Amino acid sequence: MKPSIEHIYRRRIHFSETDAAGVAHFTALASLVEEAEHDFFFAKGVAPFAADSGWPRVAFSVQYEAPCFFGEEVAVSLTDFSVAKSSVSYSFRAEKEKAGETVTVFRGAMTICHVRRNPEAGAGAFSPEPISDVVRGALFGLRGCSQI
Amino acid sequence: MKPSIEHIYRRRIHFSETDAAGVAHFTALASLVEEAEHDFFFAKGVAPFAADSGWPRVAFSVQYEAPCFFGEEVAVSLTDFSVAKSSVSYSFRAEKEKAGETVTVFRGAMTICHVRRNPEAGAGAFSPEPISDVVRGALFGLRGCSQI
Amino acid sequence: MKPSIEHIYRRRIHFSETDAAGVAHFTALASLVEEAEHDFFFAKGVAPFAADSGWPRVAFSVQYEAPCFFGEEVAVSLTDFSVAKSSVSYSFRAEKEKAGETVTVFRGAMTICHVRRNPEAGAGAFSPEPISDVVRGALFGLRGCSQI
Amino acid sequence: MKPSIEHIYRRRIHFSETDAAGVAHFTALASLVEEAEHDFFFAKGVAPFAADSGWPRVAFSVQYEAPCFFGEEVAVSLTDFSVAKSSVSYSFRAEKEKAGETVTVFRGAMTICHVRRNPEAGAGAFSPEPISDVVRGALFGLRGCSQI
């Protein structure tokens, strides 16, 4: 299922996120993607994390195209959602304004998986769990597709 | 109880820990203190964290005296331990070598508290718990002082 | 000089800032204080950092009073500013709402120092520099007090 | 040029690197890859960063296969190096021991680019620069291939 959704999340780069090269460290930019995703979940009324369930990252790929400096505002947009039985994939693109033009800072793709804590699999273990119809509907406006 | 213990932990500053000023960010240096403490716990055979118990920070004070750069090795020494019923305080000092001399990077004091998960106090809540004689003995070589 | 200023900065705790105890890590909360300070600088039109100057931390002390969880909004207020020749001190307090009540998450004091890059003192070195009247006026509404 | 090199870097997961799901956060694991790379540079006597040059990340892709907990030791191996005019690509794999077996925690590929600060391109800007024969030789044992 490929719902037509775009979610945009904006915030400034913090000083703690920069590195000695003077730019936002690549892991701080990676964290922005997760933040944008959580912001999307919150906006849809779905908790992205609970004591016994969550959405760990399965795959992440990113291309860094322009540096981003302390204090600059970045807009991370999530698009091209693809929803499977227990997992969700999407594309992301982060942009900033520079001299009146929009510059792509980084872009890539993320896959996350819905999991539930599974004590039988060991301490701290989680196992994949199908995304419920309620969550599927709330996040993506999809109905009756848990059979996918 | 004031056991006479010194624990030293050494490691390099990672690039991700530097900031745009070119030096280790103050929060990365703060994290080094916790790492040194955990290294001490591991050395004594005591787990610093478990699903239902841990040692959160209660108080932390630090003075930053010299910058520390990417790739430099810092030695964090923990001393002046003071052990109370549920809490432990200690002093810390981080040093680096510069042109053949030892330079203090930062120093201060930390207080941590032994806690146990307490579902009755709410989701995610922990409550203070006296440090057991076993842990007291393993960490500090103290005996029979859980009455303190 | 003790200008009567209060600056409040609010934001949610990110997932990347939590730790295995399920709460915001103490270094993430420390970073919030710096963010609040930078937010104050931006609000006053003063750059908190430039290639050749900045405001490193000199001293930081904090007491952690209540845990803070993923997704919770924290309001960090900066008060009790005290302005000296090259340094600024202030108190901070972070609060969150819980069951309709305001809870203090942490509080403490920070001292920062205005510095300028000083190549003569070595690669990457900075030296203290008096806070200019312009910055003093913009940040604190103070006039003619660079003699202090 | 595809030098036959493998570099292995090991360290424990710090508490500050875990998240509320109880496992190392995906950005902390990403940072481990950069650390392993810098460890490789240091081992070869090549500075991974200087005030006027560095090796920013261009592309990064990773698959997360098993969780990693606080205190666990991870071994990150870098292999399949591919050296171009200004850039280097490599594969990475992180493993841990679990119940006597070796488990893959994550694996993927990284591309970095050698750059030099370029004030003409703007404040804080860097531009790609060919990898020198000296660095090419020191890192990869390659000779005379800067024409590539």
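Here the chain labels run A, B, C and D in written order, and each chain numbers its own residues starting at 1.
Here, a contact is a pair of C-beta atoms (placed from the backbone, for glycine too) under 8 Å apart; a residue touches a chain by one contact, two chains touch by 3 or more.
Quantities reported herein were computed from a predicted structural model and do not represent experimental measurements.
Peer 1: Could you tell me which chains make contact with chain C and chain D both?
Peer 2: A, B
Peer 1: Which chain has its C-alpha centroid at the greatest distance from the C-alpha centroid of chain A?
Peer 2: Relative to chain A, the chain whose C-alpha centre sits farthest away is B.
Peer 1: Using CA atom averages as chain centres, what separation in Å is found between chain A and chain C?
Peer 2: Chain A and chain C have C-alpha centres separated by 29 Å.
Peer 1: Please report how many Å separate the Cα centroid of chain A from that of chain B, as a whole number.
Peer 2: The computed centroid separation for chain A versus chain B comes out at 33 Å.
Peer 1: Counting only Cα atoms for the centres, state how far chain B is from chain C in Å.
Peer 2: About 23 Å separates the centre of chain B from that of chain C.
Peer 1: Mind pulling the chain A residues that touch 2 or more other chains?
Peer 2: 15-16, 20, 22-23, 27, 31, 34, 49, 51, 69-70, 124
Peer 1: For the complex, which residues does chain B have touching chain A?
Peer 2: Of all residues in chain B, those touching chain A are 15-16, 18-20, 22-23, 25, 27, 51, 69-70, 123-124.
Peer 1: Considering the complex alone, what residue numbers of chain D touch chain A?
Peer 2: On the chain D side, the touching residues are 20-23, 26-28, 30-31, 34, 49, 54, 56-64, 67, 69, 108, 124-126.
Peer 1: Taking the touch rule as given, give the residues of chain C at its contact with chain A in the complex, in rising order.
Peer 2: Listed in rising order, the residues are 14-16, 22, 31, 34-35, 38, 42, 47-49, 51, 70-71.
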